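Structure incoming, see below.
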Amino acid sequence: MPAPKTVQQSTCVMNEIVLPNDTNSLGNMMGGRLLYLMDKCAAISAQRHANQVCVTASVDSVEFQGPIREAEVVIIESQVTRAFTTSMEVELNVWAENPRAQTRRKCNRAYYTFVALDEDGTPTAVPPITPETDEERRRHEQAAKRREVRLVLAGRLDLEDAASIREDMLDALAKTDGD
Amino acid sequence: MPAPKTVQQSTCVMNEIVLPNDTNSLGNMMGGRLLYLMDKCAAISAQRHANQVCVTASVDSVEFQGPIREAEVVIIESQVTRAFTTSMEVELNVWAENPRAQTRRKCNRAYYTFVALDEDGTPTAVPPITPETDEERRRHEQAAKRREVRLVLAGRLDLEDAASIREDMLDALAKTDGD
Amino acid sequence: MPAPKTVQQSTCVMNEIVLPNDTNSLGNMMGGRLLYLMDKCAAISAQRHANQVCVTASVDSVEFQGPIREAEVVIIESQVTRAFTTSMEVELNVWAENPRAQTRRKCNRAYYTFVALDEDGTPTAVPPITPETDEERRRHEQAAKRREVRLVLAGRLDLEDAASIREDMLDALAKTDGD
Amino acid sequence: MPAPKTVQQSTCVMNEIVLPNDTNSLGNMMGGRLLYLMDKCAAISAQRHANQVCVTASVDSVEFQGPIREAEVVIIESQVTRAFTTSMEVELNVWAENPRAQTRRKCNRAYYTFVALDEDGTPTAVPPITPETDEERRRHEQAAKRREVRLVLAGRLDLEDAASIREDMLDALAKTDGD
Amino acid sequence: MPAPKTVQQSTCVMNEIVLPNDTNSLGNMMGGRLLYLMDKCAAISAQRHANQVCVTASVDSVEFQGPIREAEVVIIESQVTRAFTTSMEVELNVWAENPRAQTRRKCNRAYYTFVALDEDGTPTAVPPITPETDEERRRHEQAAKRREVRLVLAGRLDLEDAASIREDMLDALAKTDGD
Amino acid sequence: MPAPKTVQQSTCVMNEIVLPNDTNSLGNMMGGRLLYLMDKCAAISAQRHANQVCVTASVDSVEFQGPIREAEVVIIESQVTRAFTTSMEVELNVWAENPRAQTRRKCNRAYYTFVALDEDGTPTAVPPITPETDEERRRHEQAAKRREVRLVLAGRLDLEDAASIREDMLDALAKTDGD
C-alpha cells in the first residue's frame, strides 16, 4: 500500500466567472453546469491524492441553495476526506461571489467518490489519508458512515452489516419513540 | 391549481455522441459532463410539465456503472414522476450504445428535483401528475418517500414527521433485530 | 450483403435547449448551429443502421421556416429512409417548442446522405431497409428519386439516365405546355 | 432602395484549425461542424452587404468531397452574388490545407440565402449588387436561376412561372429525346 | 478615493485540466488558450479589488517556458500588485502539474492591466493597495516602473518623463560603457 | 536550410462574430478571448511558413484600444515578418467592424513568436523570409530589434550584446539629456 498522505496535499480551488452559456433564460446558472465544474475540481483532488487517473464512481445528493447569477464568480474547494482501498471520498464546498457587492454566500456542500485506475483502466490501490486536525479527523470518521449509506442505497450492503449507521438510525428512531 | 397532466406529456429523450472534450485521458466520459446533459434533459421534462422556467433544486445520489467511451452514444430519457406544490421530481434513465457492436447497456438511474419559477423568479404552482399505468403509479408513490428522505437529509424535516419512510426504516431494522 | 433492417431501428430523437451562444444578436438561433445539431442526430441514425462509423456525404437544400428563439427547445427526429450500396439517406424533421406557451411548431424537413466507413476509412456495404408501413414505403420510393436529383445536380449522372425524375419533369412541363 | 454595392464589399474569409472536438472517431471533420462555420462566414458577408442583422433563410444542397482531417486548416470564402428585395444569395467556397504538405484542395461550393431584418425583426430592403467582372456577371445571372429552382423546390413558385429554368429543362430534355 | 485594500484580498486561484480541445496536434496546450484562462483569473482578481466590472487594458510580454501536455493540470494564481487611479496591475504565476508523476513546474509569470468601469462603462476610481510584506512592497515598487515602460512602449509617455526607468536604463548603459 | 519564402505566402485572415460567451457582463469582448483567436490566426501563419507544427514561444505586450461589442465582427490579419533559425515573428493586426454602421476601427497590433517542431517535438529549421516591398523590408529590420528586446527582457541576452537596440536607447536618452 502506498505511503499515507495528508488532506492538505489533495486540496484544489477553482474560481470561475458565470458566462451567458452557463445560465438559463432567467440568467441563473444551470445546476448541471455547476455539477460539471465540481466534478472537474474533485477529479483534480482525487488525482493529487492517488497520482493516477481517477474516474467518478458516484455523487451523493446535492441540494442547490438559491440561484447563482450570470457574471458572478463561483468558488469551488475540494479535498479528499478519506481513502478506501481503490476509492476516495472528495468533499466539495461551493460559494458564489458578487463582484460589485463583494458578498460571498455558501451555495452547497457535496461528496463525490472517485476510483483510481492504472494505465490499463484497472482499479488500483491509493494511499490512506492521515487526518491532521480535529476537523479533518471528524470528516474522516463521517466519511466511513457516508460510505455505508452509499453502499446500502446502491443495494451492495445489507443494512444489518452497516454497523455504524444502523446504530445512528436506532438512536434517531428511539428519540421519536417517546412521542 | 392548474389542471392535472400525464407522465407521458413530460417525457424527454436525448441522444448525444461522446466527443473528445467530454472525456478524460483514458477516453472515458467524465461523470460531471454526463450530469450536465442529464440536467438539461430533466429541465426540459420539468418545463413541459410546468409550462414555466424550472431550476434544479436538488439531485439525489447518482452511481456511475462502468465507463462510457469516446464516440459511443449516450441516451437519456426523463419524465416527471410526481409534482408537489411548486416542485417536481424528474426520473432519469441513462444508457450507452456502442455504434459498431450495436449493444446498449444501462448506465444509471437518477432523480433531479426542479422548482417552477414565474417571470419574477418566484416559485409558482405546477399541475399535479395523474399516473396512468401501474408502473407510473408505483413511481408516483415512491416519489413521495424519496421526497421525505430528501427533506430529512437536508435537515428540513424531522425524522418523526417523515411518516412513510420512518415505517420503512423500522421494518428494515426489525428484520435485522433477530440476528 | 448484411441482413435487412427496419426504419424504426435507426430512429433517433434529440431535444436541445437553445442557449445564448446558439443565437444571433436578435436572439434567434443561427441556421448553421441547427444544421450542426441535425448532422449529429442524422449521424446517429446512420450509425444505428450501418453499425459502422458514418460520414456526411451531402445535405439536400434546407429551408428555415421562421425563427427559433433563445430558451426554446429544438426537437429533432431522424431515420434512415433507404439504403444504397454503401450510403444511406436520412430524413430529418425539426420542431421548436415554446416552454411557456407549450406550443410546438414545425421548422423544417431535411435530407442528409451518409456513407459507412470501415476501420480503414473505406466505404463499406450497409444493410438494405425493409419499409414496414405505407408511409415508410412512400418515403422509400421517393428516396430513389431524390438520389437521382442529387447525382444529376452533382454532375455525376446524365439527365437521360435519371429514369424516374426525367418522367416527372416531362409531366410537369407537359402541364405547363397548354398555357 | 439603398444605393448599389459591389461583390467585393461583401467578401469574407475565414481560416480555422480543425480541433479534436470538430471530428468524429476517425479524426475527420463532421459535416455539420463545417456547415456551422460556413453559416457564420456567409452571415458576415450578408451583413456587410445589408448593414443589417441577417438570418439564414435556406441552404442549397451541399456535397462534401473527401474528408478534412484533424489539425488541417479549413479556408472559407464567401461573397454576395445577387440581392433580391430583402434577401441575398451568398456563394461559399471551401478548401482544406494540410500544414505539413502545404497542399490545398477544394472541398465544396455552396449557396446560402439570407434575409435582412431591421431592429424589429421585420424583413427590410437591401442594396442591389453591381457586378464588376465577367465572372461576377455570370454568377449574378445564375443566381436568378438558382432562386427560381429554390422557389419551385419550396413549392412557392409554379414550374410554369419559372421562366428561365423551364427553358433550361426543356433544352436538357430535348437533347435526350433523340436517344 | 475608496479605502485601501490588501494584496491578499484580491488573490485568485484556478486549477484546470487540459482537455483535448485545448491542445494542438502534438498534444500541447495552445498558448492562446492559456492566455484566455489567465485573463479570466486576472479579471476576478481585479474585480475583487475594485468591486466593479474590470476590462483588460493591456498584457505585458509573456514567454512560454516548455509545453503543457493534455491531461495535465494548469494552476494559475493572480493578485493585484498595485492600483493606479482607475487601473490595476495584476501579476499572474502559472504552473503545470503532472497528475501521475505529481511534479509541478513553473510555466510563466505575466502582468495584465485592468481598468475598472462603472455601470455606464466609464473608468472609475479604485482603492489603493497597501502592501503588507516585504515581497509585496518590492512588487508594489516595481509595478510603478513596469507602468512607465508600458506607457513609453504605447507612445503615451516621453522617455524623458519616465523618471524611474530612465535612471535604470542609464545605469544599465553605464555598466556596458566601460567595455 | 529550406528555400526562402515570401511574406505573402504566410498571410492568414480571420473574421469572427463576437458571441455572447465571448463577452463580460457589459457586453464587451474579453481580452483573453481575443488573445486566443489571435494565437490561432498567428499559428496558421507560422505553419504556412514552416510547413511544420508551430507552438507559441512568446507574446509581446498587447494594448487593447477600446471595447469590441457583442455581435460585432473581429477581423484578424497575420503574417510572418522574419524567420530566425527555428523561430518566426508573426505580426497581427486586429480591427472591429460594426455590421449596422459598417464602420471598421483598428483595435490593436501584436507580435507573437512561434517555434517550429518536427514530429518528435524538436525545434527544426524554418525557411528565411524574403521581403518584397519597402514595407515588408522595414518590418523585417524592426523584427530583429524586437527580438533583441525580447531576449533582454527574458534575461537571455546582456544589454551590451544587444547591438541594435542599445544604440536606439542611447539615442533616446541623448535627446532627453539636453533638458
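The chains carry the letters A, B, C, D, E and F, assigned in the order they are written, with residues numbered from 1 in each.
As a working rule, a contact is a pair of C-beta atoms (placed from the backbone, for glycine too) under 8 Å apart; a residue touches a chain by one contact, two chains touch by 3 or more.
The structure presented is a predicted model; accordingly, all values stated were derived computationally and were not measured.
Asks: For chain A and chain E, which third chains touch each of them?
Replies: Touches both chain A and chain E: B, F.
Asks: Return the chains shared as contacts by chain C and chain D, ordered by label.
Replies: Touching chain C and chain D alike, sorted by label: B, F.
Asks: Within the chain touch network, how many edges lie on the shortest path between chain A and chain F?
Replies: Tracing touching chains, the least step count from chain A to chain F comes to 1.
Asks: Sort the other chains by how far their Cα centres are from that of chain E and give me the top one.
Replies: C
Asks: If you take the mean of the Cα atoms for each chain, which one ends up farthest from chain F?
Replies: Here the answer is chain B, farthest from chain F.
Asks: Report the inter-chain centroid distance for chain E and chain F in whole angstrom, where each centroid is the mean of the CA atoms.
Replies: Those two chain centres are 20 Å apart.
Asks: Could you please state the distance in Å, as a whole number, between where the Cα atoms of chain B are centred and where those of chain F are centred?
Replies: The computed centroid separation for chain B versus chain F comes out at 51 Å.
Asks: Give, as an integer number of Å, the spacing between the C-alpha centres of chain F and chain C.
Replies: Once rounded, the distance between the two centres reads 44 Å.
Asks: What parts of chain B, by residue number, touch at least two of the other chains?
Replies: Residues 17, 20-21, 24-25, 40, 43, 53, 71.
Asks: Using the touch rule from the top of the page, what pairs of chains touch, sorted by label?
Replies: Touching chain pairs, listed by label, come out as A-B, A-C, A-E, A-F, B-C, B-D, B-E, C-D, C-F, D-E, D-F, E-F.
Asks: With touch defined as at the start, can you tell me which chain E residues reach chain F in the complex?
Replies: Those in contact with chain F are residues 24-26, 28, 30-33, 35-40, 43, 53, 55-64, 67, 112, 117, 121, 150, 153-154, 158-160, 166, 169-170, 172-173, 175-176, 179.
Asks: Spell out the residues on chain F that touch chain D in their complex, using ranges where they run on.
Replies: On the chain F side, the touching residues are 12-17, 40-41, 43-44, 47-48, 51-53, 71, 73, 97, 99-102.
Asks: Quick check: in the complex, which residue numbers of chain C touch chain F?
Replies: For chain C paired with chain F, touching residues are 20-21, 23-25.
Asks: Which bits of chain A are touching chain F when the two form their complex?
Replies: 17, 19-21, 70-71
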